[in-house]
Amino acid sequence: MNKGRTEAFSDGVLAIIITIMVLELVVPEGHELADLFNDWPKLLAYVVSFLYVGLYWNNHHHMFQAVKRVSGAALWGNLHLLFWLSLLPWLTAWVGESHFAPTPISVYAFDLVMCGVAFTLLQRALIRADTSNTLLARAVQGGTKEKVSTALYIVAILLPLLGQTAAYAAGILLLGVGLSWVVPDPRIERVLAEAGGSGE
Amino acid sequence: MNKGRTEAFSDGVLAIIITIMVLELVVPEGHELADLFNDWPKLLAYVVSFLYVGLYWNNHHHMFQAVKRVSGAALWGNLHLLFWLSLLPWLTAWVGESHFAPTPISVYAFDLVMCGVAFTLLQRALIRADTSNTLLARAVQGGTKEKVSTALYIVAILLPLLGQTAAYAAGILLLGVGLSWVVPDPRIERVLAEAGGSGE
Amino acid sequence: MNKGRTEAFSDGVLAIIITIMVLELVVPEGHELADLFNDWPKLLAYVVSFLYVGLYWNNHHHMFQAVKRVSGAALWGNLHLLFWLSLLPWLTAWVGESHFAPTPISVYAFDLVMCGVAFTLLQRALIRADTSNTLLARAVQGGTKEKVSTALYIVAILLPLLGQTAAYAAGILLLGVGLSWVVPDPRIERVLAEAGGSGE
Amino acid sequence: MNKGRTEAFSDGVLAIIITIMVLELVVPEGHELADLFNDWPKLLAYVVSFLYVGLYWNNHHHMFQAVKRVSGAALWGNLHLLFWLSLLPWLTAWVGESHFAPTPISVYAFDLVMCGVAFTLLQRALIRADTSNTLLARAVQGGTKEKVSTALYIVAILLPLLGQTAAYAAGILLLGVGLSWVVPDPRIERVLAEAGGSGE
């Protein structure tokens, strides 16, 4: 199966996820600057979630460049990833409305773990879908950064159990892990460059 | 007529349907895990509907791979299918908010029957639209699984009339039928493989 | 300028317009079939607007098949059309909530006139954008049906001034005009067939 | 990296931004024409924001025509632009609900400055991403109009500090700057014409 429609559908879903989060931002009742920032936890949660959905779009884009064909299993792997990402707008609103309360931060971090797991499963399904194309398999060897990120997400799930201050630390940790992924996976670019062209 | 824009428009509509359902999930008022799962019927209804829209996207994708050209009738057949699918977010919210009450489940099952009917009508319109291309016609011969699914949907419409327990059974039945379609139609893949290439 | 992105952006906007209308359907409070149909005017208005947005997508699709290049003026002509179409979800909700009161129906009909005017302006901009391609210009010669439709829309704007019964008649008139356009413009298909291929 | 998916994702996000603003328009409670225009500040703010998002889509489209490849930095430059644009529906609702109060207009103008800054940063990232392609670099030399627009946006941020009448003037200024950009950047069209073809 050709990868074109899977990319188009994923682009659509990710575009909607990243955009509907703004619908959760309540229009301020007053007309002063202070009224705008009254709701700063929702604004901050919006920025962090925008970063994460942007990250996933970026990495999805990179991964699919090393891919030529998809399989039925990869289509479902992709839907599974989109499912966990689709919960982000709802959990973002919960984190924001609760002003970074411990449980919402733990649940948000849990959702990020599930997104990471789903991304890895999708990667494996894509590698199996086209064994003649070893670009992706070579590109993702190792994966130390994924393992460290997952460990840090799990820390961010557990930290809030220690109380509100630890919950804030968990929030900062999630922001930091996100920022560490802003530079897309260089391994894929390197392997693509060595192969003298993209999978497209 | 070229099939490209019909695929793109359908991808857009399906991406929006699958994503706006999350807007119906109310942000929990409390900040505990229990508050998150208070609304578990809405969450469960969300998961089932995500599965169904994913299924339709998957099968739509498969069917259009065996297609080269569309006709005016096929465009309307496609819009007809999207119409019934577009009601799913609204009915999902009703099923969830009613905590799986009998009538909402019957109506939800009825909508799934109409989606199935619309899919079959679209399939026929696509076969008639391009008689020189017999890939799809050969692929959908038989169709026992569709008939069994439709029969089970009709059971799921009627079961809730017997009371609340039967309504729960109908909900489980709908989930089961959905899961039975997770593996996309193998007939299309087989016919495409025999034909030595896809319709794209 | 290449037409690809203009088609993709229009597909996106039309897909969202046709889908977000379902967000205006309120989830019934009760759990009986009667509760579902309590709000039948909103449901009926949803069906009519789905039909109209579907029509515009269909005709947009047909028109762009006869087109190879777009100009800056055509891009704005397209945005102008999308603007009037984007008001449909809002006016649909007004018509539905008012249970087909006279003024909402007049305003809805006015918006349809503006959509028609915008479509004609876009057509002219596309013809001027590429004078070497006469497919579209030949296809839209005459245009009796457009003129009759516009006249009927104007009747539907004025009729509700006579009272509620006339407003219902205007609503039925709008549905009828919509249905008369379900078969897409055969002139474009004929001209494309004569030219031995599409503009794509 | 190929530019196709970046265009598709941007088209999706811009299509959603331009369309969800209509969700902020409240359905009038009464059924008379006066009820429709009661909320005229929201309607006017909707029209202005529709114009601005349309402008950005148009200029994004033009800029990417002179582009062949994107880099990781350009992907983030693009997400950064989409972030500031994604705040427009929320700020539009604030401006409208406050009936053009001073602070909301200042904040709206600030967001437009940030969109302009982000657009310029994206332009630079795209030029650096593909040094073998000098089309875009040649097309954007000079940039007097951008500088004048930015200066006028800054005036529109500061003017409302002088009171309500000055805030109305700032609103009119923003509308005027928007209208001055309706004709897309002729430099790109000229350079593309000289180069004898587009970057696509």
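Should a chain be cited, it is by its letter among A, B, C and D, assigned in written order, with residues numbered from 1 in that chain.
In this section, contacts are C-beta pairs under 8 Å (C-beta built on N, C-alpha and C of every residue); 3 or more make two chains touch, one makes a residue touch a chain.
Heads up on the chains, UniProt names are A, B, C, D = Integral membrane protein.
Not measured: the values here are computed from a predicted model.
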Same or different contact residues where subunit D (Integral membrane protein) meets its copy subunit C (Integral membrane protein), judged by the half mark: different
Furthest chain, CA centroid comparison against subunit B (Integral membrane protein): D
Distance from subunit C (Integral membrane protein) to subunit A (Integral membrane protein) - Cα centre to Cα centre, in angstrom: 37
Subunit A (Integral membrane protein) and subunit D (Integral membrane protein): spacing of chain centres that average the CA atoms, whole Å: 26
Residues of subunit A (Integral membrane protein) engaged with two or more neighbouring chains: 8, 12, 15-16, 20, 23
Residues of subunit C (Integral membrane protein) touching subunit B (Integral membrane protein) in the complex: 7-8, 11-12, 14-16, 18-20, 22-23, 25, 27-28, 31-33, 36, 47, 50, 54, 57-58, 61, 64-65, 182-184, 189, 198, 200
Subunit B (Integral membrane protein) partner contacts - residues on subunit A (Integral membrane protein) that touch it in the complex: 1-2, 4-6, 8-9, 12-13, 15-17, 20, 23-24, 72, 75-76, 79, 82-83, 86-87, 89-90, 93-94, 97-98, 101-104, 107
